[in-house]
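Single-structure report; data block below.
We just call them A, B, C and D in the order they show up, numbering each chain from 1.
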Amino acid sequence: MAIQVAVCGPRDCTSEDESNAREVGRLLAERGAVVICGGYTGVMAAVAAGARSAGGTVVGILSRADRENANPDLSIVIPTGVGEARNNIIVNSGDAVIVIGGSWGTLSELALAMRRGRTPVVQLGGWRLLDEEGHPLAGVRHASSPEEALTATGLWSGH
Amino acid sequence: MAIQVAVCGPRDCTSEDESNAREVGRLLAERGAVVICGGYTGVMAAVAAGARSAGGTVVGILSRADRENANPDLSIVIPTGVGEARNNIIVNSGDAVIVIGGSWGTLSELALAMRRGRTPVVQLGGWRLLDEEGHPLAGVRHASSPEEALTATGLWSGH
Amino acid sequence: MAIQVAVCGPRDCTSEDESNAREVGRLLAERGAVVICGGYTGVMAAVAAGARSAGGTVVGILSRADRENANPDLSIVIPTGVGEARNNIIVNSGDAVIVIGGSWGTLSELALAMRRGRTPVVQLGGWRLLDEEGHPLAGVRHASSPEEALTATGLWSGH
Amino acid sequence: MAIQVAVCGPRDCTSEDESNAREVGRLLAERGAVVICGGYTGVMAAVAAGARSAGGTVVGILSRADRENANPDLSIVIPTGVGEARNNIIVNSGDAVIVIGGSWGTLSELALAMRRGRTPVVQLGGWRLLDEEGHPLAGVRHASSPEEALTATGLWSGH
């Protein structure tokens, strides 16, 4: 079975987030990883487009019970019908989770992935999280480029 | 995007159910359809094995949040973590739903697929459902062989 | 903590189902049980109205993420936002499950409750279920009146 | 129908969080609000105990499908069986959401409540969230005491 990487990010993203997502998708596909994403627009569409451009497989885990507004680059569509609860399913499905950019929905996915605690979580851009004393929270891996994001997952550390 | 067909059935199934499921999986893969199933044992494992034997793609929508007990023939694993609520996700993900054999979990999937009302639902073997007057319930399509089950979906009616 | 009883049934129900549901709600409230229901119209509204008429507590487990179309007799509203997956939550929340009338959604709840296998499941009216040989399925308790439905739960068997 | 307030916080909480949660629960009960919480230990148990001490109603929305490990102060128990996806149900059920203390699960609830965007979200203690430029994120209401937390919801602003 192929490695599966969940990639999360905002519907309304910056052009830098979009470009990062497209590149992350392309790199993941080149390494043979299946991309798991939310299946709609913004970062979700960009990572799907990037993966498909390199011949990859993309699974869209939709909040809706039908395919309305799903992006056109999905290989497989899972219309969960469970609303925002699908965020849990996305992060549960990745051997690693890469979070690109910042939004409340995206932060919920980052937090759920850290709560799960079983897989590497990599942040590329996006919001900053500090504890009560103002120190950065431990555990999240930070990357400053798509290449670094893949490296930070540790999934290809043998390369 | 490929056609997706959800195939549901009991963990503890008869040998006839198992043989039917394996053949349904094989036929679906030969026609290029992606198989969506519950990802564990019994009918779920048989349909996955059949599809993989013909080079097909199989998605396992698991009740657990991890991959424990997932069968070995899944191409893609979605560990939903939502328990039996994953039955809804399975039936929502099919362009048609084929139900093989009888159990309470399987009946819930048949009922959810009919409740959804958007896609063909085909029953191969399994329990019988009658209305309050004792008449068979309208809507479910009945098949008596794997080949008939695929035909009854209507997805390949143009062939 | 009070006994909790889940009551399930169709949106579009017969007048007999509606009258049965109202009476079941009233009887449950008189015995101090909390009623768990789907929170919308038909049997769900009738059981809520019956329970409230006797001063009872009614919890509505909604499919939507907001309160739109919730019936007016709910004491507590849980807008799950998980769509039809909320059926699992309803049946999981009852110390017993009473199913009134027949519909595909209602059948899914009956099947999920039997699949769960931990609590008594009582059917008042509704569809008939037979195994592959045409014999009635074991396990479901049948009642022919609201009073019998409560008795059949076994929750008040000491009375 | 009574006002419903969701109160979220860590299982492993500080003694200050626990004391704050107990007081928030007591104050909510005194104002007639129903407390919605996750139903287990830490902040969840403290807010339940506080509310019950003042005769209030507490609903526990559990991740498990059964009542194992539920705290003893719940009036109503909803064993969802949907795992961490129950966090969405908790925040959807509040006319306001109060978050006490910091943990990844708690942060997911804060983020989901802000993502929902329909109800006031109040933070009492806990982690700090900054945008990409290092500015505090807009929208979350901050309180420094249980009394302030209730005031910040705006639900009793007419008082």
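The rule is short, and it goes like this: a residue touches a chain if its C-beta (ideal position, glycine included) is under 8 Å from a C-beta of that chain, and two chains touch if they have at least 3 such contacts.
Here's who's who by UniProt: A, B, C, D = TIGR00725 family protein.
The shown structure was predicted, so the numbers you read here are calculated from the model rather than taken from an experiment.
If you compare B-C with A-C, the chain pair joined by more contacting C-beta pairs is B-C.
The distance from the centre of subunit B (TIGR00725 family protein) to the centre of subunit C (TIGR00725 family protein), each centre being the mean of the chain's C-alpha atoms, comes to 28 Å. Centre-to-centre spacing of subunit A (TIGR00725 family protein) and subunit C (TIGR00725 family protein) amounts to 40 Å, using the average Cα coordinate of each chain. Among all residues of subunit D (TIGR00725 family protein), those that touch two or more other chains are 65, 81-85, 88-89, 116. Viewed as a contact network, the protein chains are fully connected, with every chain touching every other.
Residues of subunit A (TIGR00725 family protein) touching subunit B (TIGR00725 family protein) in their complex: 1-2, 4, 34, 36, 57, 59, 61, 65-66, 74-82, 85, 88-89, 92-93, 116, 118.
Against subunit C (TIGR00725 family protein), in their complex, subunit B (TIGR00725 family protein) makes its touches with residues 82-85, 87-89, 102-105, 107-108, 111-112, 114-117, 125-132, 134, 137. Per the touch definition, subunit D (TIGR00725 family protein) reaches subunit B (TIGR00725 family protein) in the complex via residues 65, 81-85.
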